[in-house]
Amino acid sequence: MRYYFINQEMKEFSLDVEFHQNKTMEFKYEGKKTTLFLKSVAGKNYFSFDGIGWKKLAALGVNEVLVSHSEMYKVYRGFKPSGLNKGAAGALVTQMPGKVVKLMKKEGDTVTKGETVLILEAMKMENEIKAGADGIIKAINVKEGQALDSGFLMVEIEE
Amino acid sequence: MRYYFINQEMKEFSLDVEFHQNKTMEFKYEGKKTTLFLKSVAGKNYFSFDGIGWKKLAALGVNEVLVSHSEMYKVYRGFKPSGLNKGAAGALVTQMPGKVVKLMKKEGDTVTKGETVLILEAMKMENEIKAGADGIIKAINVKEGQALDSGFLMVEIEE
Amino acid sequence: MKGKRVLIINRGEIAIRVAKALNELGLVSVGVWTDNETEPPHLEYCQEWVHLVGNNNKETYLNIPKIMDLIEKYKIDGVHPGYGFLSENREFSEALAKKGITFIGPNPTAVYKMGAKDISKQVAKEAGVPVVPGSTGEVDTIEEAIKIGNEIGFPVLLKAVAGGGGKGMRPCMNEEDVKNNFAAVQREALSGFGYAGLLVEKYILNPHHIEVQILADKKGNVYHVFERECSVQRRHQKIIEEAPSPFIGTDEVLRNSICEAAVKCARAVNYDSAGTVEFIMGEDKKFYFLEMNTRIQVEHPITEEITGVDLVANMIKSAFGEPLDFKSQDDIKILGHAIELRICAEDPISMLPAPGKIVGFETTFPQGIRFDHCIYPKFTITPDFDPMIGKLIAKGFNREVALRKVRNAAEGLIIDGIKTNIALHKVILNEENFIKGNYSTNYIGTIKPQEKVAVKEDIKAFMLKVAAIELNQMGGQV
Amino acid sequence: MKGKRVLIINRGEIAIRVAKALNELGLVSVGVWTDNETEPPHLEYCQEWVHLVGNNNKETYLNIPKIMDLIEKYKIDGVHPGYGFLSENREFSEALAKKGITFIGPNPTAVYKMGAKDISKQVAKEAGVPVVPGSTGEVDTIEEAIKIGNEIGFPVLLKAVAGGGGKGMRPCMNEEDVKNNFAAVQREALSGFGYAGLLVEKYILNPHHIEVQILADKKGNVYHVFERECSVQRRHQKIIEEAPSPFIGTDEVLRNSICEAAVKCARAVNYDSAGTVEFIMGEDKKFYFLEMNTRIQVEHPITEEITGVDLVANMIKSAFGEPLDFKSQDDIKILGHAIELRICAEDPISMLPAPGKIVGFETTFPQGIRFDHCIYPKFTITPDFDPMIGKLIAKGFNREVALRKVRNAAEGLIIDGIKTNIALHKVILNEENFIKGNYSTNYIGTIKPQEKVAVKEDIKAFMLKVAAIELNQMGGQV
């Protein structure tokens, strides 16, 4: 089974895994092999890389997202998705769910890099969303007061 | 669905239950009807008898035993077992798992009520098992050092 | 008091904390659930559950008429507001007073006087407690704000009159900043606290945020329960608190004078509940009255841990006219040291909110840890609510021990599926200035621990994720 | 000390408690599992897991050669024995000393002197601490026991030399009792502690069992951490403990003298670890040295709660020659009150062990509760081990608050599938003599709270059982 991990900047990791009946997993990564031992004790799951030292395996694994330090990776089990389009400097994409408080620009306006295009409120905090590049606003896909999910393309700027 | 609860002294309760899709249970007991409300919140189960006050429902229900104050009831779902034989005064049955430390009597011996027949060790504690009636020891079904489960008929006394 | 029915108009960890105290005291804890949080974990500790209809805070936790209806419908005797929401809302406490409902908090006048920052400063001054120079009343226009800024000298701070917990505040280094921020702070004030009024005040450099816990009854007895050091902040919001303050240290004279000043402020408004007097302390150890929070504070647990005083239970007893657990100020003593980490759903580096769904939650703590939280596997953190999802509190025989314990506890707190600031806390707990207890409110801004959060990819993390998903495929157990 | 590898030769809640302390101090906690407990919950807190082969305690937790092999094989630097098993076994601590392995406990000589009750009494006498009259040495025959009984006067107590925790003890009212019990106590001594030697001593009526916690380092510093009242007992085993002792109350002179007596006993054997000096106190408040337990005690948490001293962590630091958390006796103070309930798998009325399989476990506790336990849903309690499965500890600002909290906590502790003594605890916590703090070790025997355990059938309990089973049929959630 091959796993793919891809983050918002399209950074990608892929891992091959084999699950053996003796409760071990064989990983292949960049040619190197790693064995992971698994055990369930008193209703909890534990892992070990040497079969001696054990740690709790917290994740329920129900989600398709891995959070590593402060990066989020989408996880794909057994397949690699096609056509994930990278967020270009001119594409303003929500990094978190939120609500559009105020649009500072309208379609057709000229913007310079770093200029505030709109204000997004998330968790009672106001965040100024700034243009990632000089250009003309090609499309504004949101309106004031609109609630947005993470990864939503709000504004497209033609460079 | 009818449930039967029977304890060691053959005391018996039976309940009729109907599970409704609106997450309520209708109980019938001695002609009286009772409604039980059920809810799952944040991964835990709760019950209510009035739909306002809620308490946690702890039991996983995987066991067939109900412990009520200090009595244990076997639970039978949908059927009533036949031929549960009551432990007579002359039948010495283990009330808990344990190990036979010492037999004080042998088959054929005469015993008087209250006389110690054998010593059973459970949880590092020695318990003197005494005759429940005057009589002659008809059968001893255990030997010293033997480990026993709960409910095991150790000695039979003919009154 | 026993048997009284108390409605908790809050959610999350504080609703749990309040329900625990109500149950323990023999009252009936009534909790609410809303349409944008239909399975709130706090119901676990509430004896009765009530539906507060609505999809956002304005329709629910901030909606006074709707809450008054519930109170009538469910024959409620008292209300605990927790913190935030309506906890310091004068109209609410007055509406309750009119109906003869017990508000578990101070009297409306105290709420009003301390809630309006211009008045509160006046109160403190008259009580003989120094205040930070600034606007004497609300500032309605950018021009006015700039004028005051020039009078008292920049930098200045723009803050919401109704604000608190650092929300609705922005520092301005110059006139330009005032222009850029004024409208935004007004909006944040309105959306966060339902009132847009602003204040301008002097911004002290390298200050310490030190606050004193107050506990008072309805008979005029006002006690302090010592201080808390709350200087580790980001965006003017506390993320680590400790008690006692390492900056005050063993200077019992200073400790006593700041605690006494707090008692003066509380007495000046006939304070009659649990509350907190916040001070700002300069490097010269001079302190100024900042504001009084007329509610139970997020960080109250560290005070409970070092004094053994159950603040929430005593707050409830006070509200119902019951005697407090102690008879004199001398009964209240400090034993040991406590540190609290606020666990927030946010990026540990940018420190920006990062809502999402928790998919794994495990704790492996040493002895002496208290974790006040509302986390459960599959808990979804929505943008509607505060990103703080838990408070990790360690109590130790001394600061060194507390630090050792909280460090080990942070290592043992695993929350999977969302970004949290745990990684940032780990950096801070091992950073020399923090270890020495040598930090001001500029700590985050100047030491920048967030930049030391490990960003190196560890392929093992990916393997564990795979293992978890595979295990899940086979029923969750090997 | 950091990085040292420590083997925990114990199980259950104490193995968890020890592992927590080791992890917190930066040592490597190595836990064991045996063939009659292949999934022990204590492994959750152990960094490494080792298989201790065997099906019963003689083959495993009491098997010195086998343990020495593990120590060699896994490069162990130190051993923590917990309580019971080999915690007070001289041969074991000497075997470790020979190999240069750190025994986390006192030096072998102290273990020997305090472990052999005849010698320990001599030690106490010479230290100027009064002892209970009784046999000066081991009693090998029934005749000898009866002879001593007649000298010091009946009633007398037959106790195992190697015993402790009330195990291997029986009171004898007359010669007949001695005849009937002598062999049994010998057998219990042998199976429970691996040594059959017995003692005979005077049996004091309406006595209080009060013990003093000792903490000492390897440099000759011996401190006391105040007393514990342990008089609520059944079959000479404690079921409820509290600190400080309500019988000593505010009599600081008495408190100081019993604590000082304990320190004298400890100094007399150059004690250098955590330990407990047990006293028996008559109604006249005269106290006699009973024995010294040269190990961490089951009830150590209540002392930790009221003093803030982490006894287990300090015991480990002491063993590795590290300085303790405090520098003088005056650093150790009492703040508040703590009560511990021993939760046992036993019939609440007959108080006899009732092993079985736990099928439901839920807790709903107030603030200030500590629950040291090894319980998990589906945990099977076997007859091989002690019936104690948990310790419910409440800490409060004063005894009244602690009592309120522990009462509420007992209501919120649900263990389904086995009999437990929770129902008995609930009766005691509401019984007037206990509430007044007015009880001796005869409390259970004379007040008989077990007879007040509700035996009325509540049909609702049956309905809930049905609900649980039905829910389970449909996947556990509605």
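Each chain carries a letter (A, B, C and D) given by its place in the written order, and its residues are counted from 1.
Criterion: contacts are C-beta pairs under 8 Å (C-beta built on N, C-alpha and C of every residue); 3 or more make two chains touch, one makes a residue touch a chain.
Only a predicted model underlies this, so the values are computations on that prediction, with no experimental measurement involved.
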Worksheet item: Among the other chains, which touch chain A and chain B together?
Response: C, D
Worksheet entry | Chain pair with the higher count of C-beta pairs in contact (B-C, B-D) | B-D
Discussion item. Measuring centre to centre with CA averages, how many angstrom lie between chain C and chain D?
Written reply: 40
Worksheet entry | For chain B paired with chain D, centre-to-centre distance based on mean C-alpha positions, whole Å | 30
Worksheet entry | chain A and chain D: spacing of chain centres that average the CA atoms, whole Å | 52
Discussion item. Where in chain C do residues touch at least two different other chains?
Written reply: 44, 364, 377-378
Worksheet, complete the sentence: By the touch definition above, chain B meets two or more other chains at residues 40, 43-44, 56
Worksheet entry | Chain-chain contacts as defined at top | A-C, A-D, B-C, B-D, C-D
Discussion item. Which stretch or stretches of chain C touch chain A in the complex?
Written reply: 167, 184, 187-188, 191-192, 235, 347-350, 352-357, 359-362, 364, 377-378, 382-383, 385-387, 414-419, 423, 453-472, 476-478
Worksheet item: Which residues, counting only chain D, touch chain A once they are in their complex?
Response: 39-41, 43-44, 46-49, 376-379
Response to the item:
Given the complex, residues on chain C that touch chain D span 17, 20-21, 23-25, 44-45, 304, 307-310, 312-313, 325-326, 333, 335-336, 364-368, 395-398, 400-401, 404-405, 408
Item to complete: Could you please specify the touching residues of chain A with respect to chain D in the complex?
Response: 40-44, 46, 52-54, 56
Item to complete: Please name which positions on chain B make contact with chain D in the complex.
Response: 1, 3, 5, 13, 15, 17, 19, 23, 25, 27, 29, 34, 36, 38-40, 43-45, 47, 49, 56-63, 65-73, 75, 77, 95-99, 101, 119, 121-127, 150
